[in-house]
């Protein structure tokens, strides 16, 4: 199961990158990156997964004493939480930049912003 | 000690606090930011001081009350403290520097800046890879925000490109992190280090992690985005990115490379080298200052990455080396970006406005020297140790490439400095902002401070405590004094030093000390002729003399090399002072640095990495017959040959010497060239004959010497420019000296020594004389002069004596040189090169005659009729030289006898017998006194005869001649001067073909062309940049791991 | 946009295929752990004792990796600030308001008024119960922000206080840092949650400072999201 | 177990299909919506992977807030673009 | 060898003999040339007449100090060259001042007069003088090269730089002469001889048709007298060196007269059968023919 998820995650990363590298529209590039980010999250979570175990919450189903044998690895989940929020931050920033670029030039084509080069 | 966690807490707290303020409370916001950064800087610096002085131990800071790896921990060690100091101080200064822009943008921008510095500090402190990621993203976002500070409209696009690439880096990082965690069960860097990973599975994860961090270092060629940021952002931000961010990112990479283990170090080395060379190469094609600095930054970080790759061999010296380069770079690059913010134009030549403020110009020079690792800055010590470590571990290709890259970097940096000093100042400049100026000065002070600290930590002693250098640097402070006062002080200093040191020298060192230092004092007499402050002259000149003084004093290879670099820098600035000298000074410094790098490599190779290495040990290497001995010999010889401008390395000399100022030409020609001879002398004395591939290298040197003597002389006769003629003549004369040295016999060395003395005297004299003429006539073209004998009789006399001495015509001292020369070649086996020398003797006579004839004889030009004799201060040293030449001609034994005995001690022979006034060799004899008397008596008798016959002769007016049945009246038509030796050009003009110039020109042209071609990969398209990053990652992946997994 | 399959597409495809090769290697070499690794095992065994939290993920986020979370919050703070900067600099034409992609109808306005308190309450719940159940400050904050979003949609002309949002954002941030520093002073180190009693395991007021921190995080995140949304929504910044 | 696997595979496939739509569509709004959908499917996937915290976050932030952010910007750009032309 | 006052008198005698010998010999040579050309030619005492006439002429003209000193340098160079070389082997009287220096001194002192002459001519400001100097210097550099190599070769051969010792080594028979022991070096030296005697085909320096008489254009009266003196003295002095180095020297004045005349005639004979070279042609000539022979000379020693 985790392998399916992981494979799907990797595929999602590649698809997202493909979109980011081929679409000249800046917004579509950003969409591509959010896809890739989602893919990364899926991969991360799937790495923590262990078949047949429960979520890392110590409730009645998982008493403290048995926790080590019953729960899955909580660390990747903690990391993903952080990553999701950071991903949102960057996405928001890119969107703001996209808007700013559009305001300056009236274009969303990344190929129009090449005054800086060489 | 305040715990380092408060650096982070203060940064965050200040950021949030600023958010709490109202938009109009800008002053309060600024104060909060200033206080926070000041606090952070104070904590960092106090830690650095405590750790460096050993009064505190490194500290591990745990969070959440839980031991690592279960909670994030931070570490404050020496490296961290140093890096934090650099980062926080840069942040603090940037805040001050950017205050107007930040205020304009509002309090949020202040918060962003504070948080950026906090995040960079976190990047340095943290020992957890995911925490690293978080701080890294913070840095990305904050940088993206600060880009907006720029007035440049293109900055937004640059920021966007940066974000695009950061997304990719972030993805790679996260995948790397999670798989490393999976393999390791820990996110703690120290745990990763404890479990070395192979190249499969987890190795790939580690690779992703490392490559992501490397991409963040903006490696060539996946770095177009970074360059755009550097170019478009506010210079204060670029300074931060270049100095603080790059430093922190590099340390992050370093932590992981250290954890990843030695298997991964070659990756750092190779990527670093590619980056260093590639970025510097592309820098050659840049005209925009900030983009150029960007290339340079990338190159320098590449260099530090190379150092990271050498941590396995650097051992304890690792921090010293990496820190020396990294910190110096940070300080210098921040300083340069800050200066760039003060300069209104963006073209490199626009930096000419710096001329309105000498302090900034000095700062500019200092920063360039820091970047290039020149003494006395920290980078110098670091590069020295790096080179030795590399040589000690047989990583010679790495050493070679590092030096090559540094040379290319020197190329564009010094070219730039030349622009600043020499290009027309295009704009009426309103003045520099005071805060900006203060911030630049702070950086400069920091750079010097680092130099002092690194010097104090060096096993070789602190260069900044060397008396000659301190004396030279004191002239910086004394600049406001009038020139004559400084001149007096300089002369006193030189003579005092010689007087103080001379008793301890052996005869050989004594001769060089007298020629270089006491000789320098004599030439300085001519400098009294210059009025005003003469800004910049004395520091440069005295740094050169300090270098020379230290060179003679040097006992170890380090001392020698440091002195060598010092005299090179000093002389470069000195040469650059000439009006038209910009390109020539550049080629001078490039050849000199190239040579210096060869010397560095040679010493490193010789020492096998063991330091300190006494110069005398060269002899041990030669005696041991190690296979590397001839290579050491070759490298050192190449280094010295660039300084003596031997053929092949000579193209810098004519321009550099000819375009220099009147009193500088004799310094760089009469004195500076001897430094190369001094080096060669030490080399040959210690290492003797070396053979490479069956070729006796001294034999090679004999040929180079002979060729230099010949080609220099031939080229000299074709010159129309009097100072160029003298310059080519120097090449020729140094060829003679080299020839003599390389003969490897007693008389050959004596010959070389006579050339050291004689060439100093007559070339200084001639340069002063011709310089005096040039100052009156305002031209150096000989055919525009003529007939000046009546106007400048004293100058004529010194030129006459000079050329008689130089051409070796008896009875003056040059003949002694020729006599020794014949005796030397008689006892040598080498015959063919002698042919060239034989030929160059008479040819020398040709150009010398031309010099005196076309300037002083023939027809006086109309516009020169009202000229006066040259300044008395210029004549004074010339008359001293005349007196010396005659004295040395009569009593050569005064000087030579002791040296002869000294050289005899080396060869175990007595080649000359000194009996009374007569000198006898195995083959012939020479009685200078008798010669002088005989010639004098005959001359007087014949003269008396003529006077008796012709005593009424009166001088007739000009044009009292008949030419083509006319009495001419225009000097131009009757002054036969241009292309004086036309038949020679017809017969041997092919020798004039500039093959060597074309060769070096071809190299630089192809470098430039390839730079210009390569940089087109930076299309400016953010998407392409992103693709390049992935290509880079994939390519490295395939190369590194392709075969394994 | 050009969707034609071009050489560029093919090149990118090839490039990504090579990158995919690396990913495939990772995937193929991946074997899930049979046992928890030592870090996870430590958390499984000690979280309850050390932090008093039921939700181990929350314990890790707020305590063990609290520095990450602080950074994460700061990321949002920065983003909000920079988005405001970016948009503040670009003077949009006057007159236009609203995001313009949804009409703000009567229904929406009324619905918003009814839903808003519930949403806010739910958000607070999620944030405060993070140490017991799934959820926490981030999720709660996001929910809070969606309430704000609804309000924006319902009444685009409405200006809810910038100052208020900014204050909430900054005060909660400062408080967060202050709690962290208190950890150094009173407990085992920065962000140690044991500055407050751990309380009874499973109770709402337990797990030391975790609920407090998560509440602050929720407030802060909610304020930051709101600020971002507002910046993007508004036509002209102050 | 197989049921879970089947469901996981199903959601993963749905996620990828939504992603494909996001990549190939010509319409930016559709792409944004599909990306939101991808996040939504991903959050379901997280539930299957025993990560309820992540699932909540992904749903709230990934599919919710992000999509709104996109639409806000898209809206402004559309309006201002049409103003200008 | 050391100095005694009487040597001054001996030296003066040498100079006197050589001047007279030179005056007569050059006239004889000219006469022979004229006879060969079918003309009557000058009387053998013509040189004396010219000299006396020029000394008798009084000039009031000088173009400047160097102009004035030029002939002094020139004649000093000639006399000095003569006196630094032993004229008659084995004769104490005619050892002259050879103790002051060896072969190298002689070789380099050649330039002394040349330099002074060139400087003086230069100050006259006459373009022909300058052109002549330019040509002369250019040509002599190439022409002297074979001599330098030959000298190097024989000093290596005899392992000495002392002229006296070189002559001594050639005593004891015709076949001990360097001419026979080292014909290649001698040949090389002869290239230099013909090249520096200012005779055809290497006389473009003084080219009477185009640049009146080259460097001395402006010189007249007493100046010219000094230069004429030198013009008869200097070739002889130079020939003496050749005689000493390659032709066994001379142990008495008779041998001296014959040998010097014979060697001098070599350049004359070459001159009468060749047209004049331009300077670059003569440079090429010496580099193409003289130089290889010279190199061969030093290689085979």
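Worth pointing out:
Chains here go by letter, A, B, C, D and E, matching the order in which they are written, and residues are numbered from 1 within each.
Heads up, the rule we're going with is that contacts are C-beta pairs under 8 Å (C-beta built on N, C-alpha and C of every residue); 3 or more make two chains touch, one makes a residue touch a chain.
Keep in mind it's a predicted model, so treat the numbers as computed, not measured.
The chains in contact with chain A as well as with chain E are B.
Annotation of chain A and chain D: jointly contacted by C, touch as defined at the top. Of all chains, the one whose CA centroid is most distant from that of chain B is D. Of the two chain pairs examined here, A-C and B-C, the one linked by more C-beta pairs in contact is B-C.
Nearest to the overall CA centre, using the mean of each chain's CA atoms, is chain B. Note: the chain lying farthest from chain C is E, by mean C-alpha position.
Averaged C-alpha coordinates give centres for chain B and chain D that are 58 Å from one another.
With centres defined as mean CA coordinates, chain E is found 106 Å away from chain D. Work out the mean CA point of chain C and of chain E, and you get 106 Å between them. Centroids built from CA atoms put chain D at 18 Å from chain C. For chain B, the set of residues that touch two or more other chains comprises 130, 134, 137, 141, 144-145, 156, 175, 179, 182, 187, 1027, 1030.
Residue positions of chain C with contacts to 2 or more other chains are 1, 12, 15-16, 19, 23, 26, 30, 33, 37, 39-40, 43, 55, 57, 65, 68, 71-72, 75, 78-79, 82, 86, 89, 92, 134, 138, 228, 232. Pairwise, the chains that make contact are A-B, A-C, A-D, B-C, B-E, C-D. Of all the residues in chain C, the ones that touch chain D in their complex are 1, 3, 55, 57-58, 92-93, 96, 98-101, 126, 134-136, 138-139, 142-143, 145-146, 149, 225, 228-229, 232-233.
Chain C makes touch with chain A in their complex at residues 1-2, 8-9, 12-13, 15-16, 19-20, 23-24, 26-27, 30, 32-34, 36-37, 39-41, 43-45, 47-48, 54-57, 60-61, 65, 68-69, 71-72, 75-76, 78-79, 82-83, 86-87, 89-90, 92, 132-134, 138, 221, 228, 231-232. Against chain B, in their complex, chain C makes its touches with residues 11-12, 15-16, 18-19, 22-23, 25-26, 29-30, 33, 37-40, 42-43, 46, 50, 63-68, 70-72, 74-75, 77-79, 81-82, 84-86, 88-89, 163, 166-167, 169-171, 173-174, 177-178, 180-181, 183-184, 187-194, 238. Chain D makes touch with chain C in their complex at residues 24, 26, 52-53, 55-57, 60-61, 64-65, 68-69, 71-76, 78-80, 83. Residues 787, 789-790, 800, 803-804, 807-810, 815, 818-819, 822-823, 825-826, 831-832, 834-835, 838-839, 841-843, 845-846, 849, 852-853, 857-859, 921, 923-927, 930-931, 934-935, 938-939, 942-943, 945-946, 949-950, 952-956, 958-961, 963, 974-977, 980-984, 986-988 of chain B touch chain E in their complex.
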